[in-house]
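Both of the next two complexes hold subunit A, though its partner changes from subunit B to subunit C.
The block that comes next holds the complex of A and B.
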């Protein structure tokens, strides 16, 4: 191959790459093929924690700390965990640290609860958003009612059977943060470490590697990493949904990326060899 | 004025910084009470910080429109978007701000049909740019770059279900890479960052670092 052609391939117009990605995504979305999802141990850990709540009757605190940008990747996690909780009659308290995430949390809670006939106040409560971030977590640990005297509707939390006996974060059986920001870290540093509650994380694929050191130390019990984590959880609860469907385009794009990188490297070495032989 | 701009903020930083350290190391009820009190203040300040951030953003864009800087059209879009959302929020479907936020209506429409799709679009565009960047920059120029490249390719395929179809060993190798080398490196980085935070905090508390005070 001529050096000129090799150089042209190395500097391939990015619009071609955009087109390849688009075609791969559309192809994988339109063509129906099965991709078996084998749940990882860290995903099973989240599942087991929800099962334990079913046995103990303790409440799950689900913090949906993401905004619309993180919704496509993270909402399937919230949905899958909520389905599991409602399926097993686990009571849920929902909230968010993200001011843009209030509606997202409310919608996913209401939609999932409706699937199982779960009732507001009896089976779940939504706190909404409150400013403070780390200090809000500390406040919730010190005095839950002081941090959240009312739910997002403005109703006294003491009037709900689920929340009337919750005095601190340590009264929750499991806290699970689905986060597209540093919220997962805040829950651990200012929450679970001080107030000693079991804590799990759902993070974007990009953030998931940051969580691994804390899985080994036991500070975090269970991780759902990216859409794959959500798909694996859907497999565990036997309710394949958006994440499972999303695995097709995601797998196709990952394979395309690998092929592109390999192709780029082959061209790179051919060009380097051509350059060296031209110089000799 | 120099007292308000320089000395007072330094004194506040020193006093509250020292209290913060003492709370962590003095096991006494008075410290716990103070902690509770400060947490309340902090949350109040955080709420005001949101307002301050909004003011700062709007002011910056107002200046850009005033000066007709390049791209000032985007600033007009920002101001228009802000005013419409703000007014619709205040109006609250006729109940105004003293009632609970309406669960349906214009504000929810803006959120559902403008904010949500725009946010999701921004995130999904990343896939295109990452593909382009990976093709251009992911080259095995050196031995260590080749090692990184191989690890990245294994994780990329091993993390998705298709990796399991290619070989069951791929997800296992990918998990090993994430749990052992990745965790080890991340732990080192976290420790370094934590020590850096301690050093920077001490510099701020003792007034060595004053950049947060801004210019004169």
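The block that comes next holds the complex of A and C.
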């Protein structure tokens, strides 16, 4: 290949790459094909914790700490975990640390509950958003009712059968934070380490590597990392949905990017060789 | 064609495409002529306008960027009012329920919050320092012990965790032999790397150790992860230890530490790409399913 052509390829306008990615994603989404999904051990850990709640009858606290920017990755996680919980008759208390996420959490909770005929107050309760972050978690650990005397509708939490006996975070069987912010860390540092409850995380792909060190130490029990984590959970509960379907374009884009990296490296070395032989 | 004119034509075409598609979807009945339909059309237009930035910065992108900031600020203000200011501050202080005493103590956070706003004033800016001092003192007090416990003590506990957990003596011997092989090879490698300074030979010498470790981790052989974690922590700490000249065995350990860091950066970068692409997939799903109705 001529050096001029190689140089032109090395200086390829990045907009062509955006276009290739778009075409690959649309093509892979429109064409119907199956990809195998093997749930990882860390995903299975979350599943097992929900199963344990079914056996013990304890309540799940699901904190949906994400905003619209994190919705494509994190809402499928919330939905999958909620479906599993409602499927197994596990009682759920929902909340959020993110003011932008109040309605997102409410919507996903109500939609999933409607699928299984679960009733508000009996099967689930939504607390909504409250400011405080670390101080809120500490307050919930010390006195849950003091932190949240009312749900998001303004009704006394003591009037619901799910929440009337909850005095502290330690009374929850499992706390699961689906987070696009540092909320997952706050739950761990000021919550699970202090009040010793079982705690799992659903994180965006960007944040997932930060969570890994705490899985090995057992400080976090179970992780759903990015859309792939949600897809694996959907496979586990045998209800493939948007995350499982989204794996097709996701995988196509990954293959394309790997090819582009290889292509870029090959062109780089060819150009360097051409340059050296030109000098000689 | 000059570039300026070409860009104008392209963006006019994009605007026409958005408006034309929405009009067609509405007329053909694919989208309902109500607030839901209007919301979907608006969301689609905003999504396409945001993605137009990938071509070039433009007026459509600027418009929706400002719109987003305004909407987000308005939404958060509403949430704060209904979730915090009214139920936790204004109501208990000024409009308590009949029979419930006024919570006068809540005047303290109210006044401290107002003091924070004086940050913008040159004359009264000092008042905000009282609130800031309280916030910093309080947060340091609760954060430092908890962070030390979570990030140091618990993590350190695992870093020097047990190498053998099996109760079966046969398993114990097998695991011991495997670990001894891995460790022996790593020590030999270390010596080799300290003596020979040819990068390709170094890489070749490390390969069997990497394969052994991979086998150990893949088959969940207890102790292997502990060894990798311990080795990684120590070599990375050596890399960041600048009080000793980086030569000989120290330089080798430091280089290995860099490799551990590179693996960590690679994993983070891979996950980041996955996350960004997931967002694209999410928006495509919305455009193809909810807006255009191509997918069912």
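Criterion: the second predicted complex is superposed on the first by the 280 of 280 C-alpha atoms of A that agree within 3 Å, B and C clash if a C-alpha of one lies under 4 Å from a C-alpha of the other, contacts with A are read in each partner's own complex, and residues count from 1 in each chain.
Assume contacts are C-beta pairs under 8 Å (C-beta built on N, C-alpha and C of every residue); 3 or more make two chains touch, one makes a residue touch a chain.
As the structure is a prediction and not an experimental result, all values here were calculated from the model.
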Touched partner set for A:242, first subunit B, second subunit C, both or neither: second
First (subunit B), second (subunit C), both or neither touched by A:193: second
Touched partner set for A:257, first subunit B, second subunit C, both or neither: both
Superposed model, subunit A: greater residue contact from subunit B or subunit C: B
First, second, both or neither for A:100, with subunit B first and subunit C second: both
Which of subunit B and subunit C A:277 touches, first, second, both or neither: neither
First (subunit B), second (subunit C), both or neither touched by A:153: first
Touching partner for A:136 - first (subunit B), second (subunit C), both, neither: first
Subunit B versus subunit C as contact partner of A:4, first or second or both or neither: neither
Residues of subunit A at both interfaces, subunit B in one complex, subunit C in the other: 18, 21-22, 25, 69, 71-73, 99-100, 130-131, 135, 138, 154, 205, 208-209, 213, 216, 225-226, 228, 250, 253-254, 257
Footprint of subunit C on subunit A - complex, ascending: 15, 18, 21-22, 25-26, 29-30, 69, 71-73, 99-100, 102, 128-131, 134-135, 138, 150, 152, 154, 188-190, 193-194, 204-206, 208-209, 213, 216-219, 225-228, 242, 245-246, 249-250, 253-254, 257
In the complex with subunit A, residue positions of subunit B that touch it: 35-36, 39-40, 42-43, 46-47, 50, 100, 108, 111-112, 115-120, 122-124, 127-128, 130-132, 134-136, 138-140, 149, 152-153, 156-157, 159-162, 164-165, 171, 175, 178-179, 182-183, 186-187, 190
For the subunit A and subunit B complex, residues of the former touching the latter: 12, 14, 17-18, 20-22, 25, 35-38, 40, 67-73, 99-100, 103-104, 130-133, 135-136, 138-139, 142-143, 153-154, 205, 208-210, 212-213, 215-216, 225-226, 228, 231, 247, 250-258, 260-265, 268
Subunit C - residues contacting subunit A, complex: 54-55, 72, 75-76, 79-80, 83-84, 87, 139, 142-143, 146-147, 149-150, 154-155, 157-158, 225, 229, 264, 267-268, 271-285, 288, 294-295
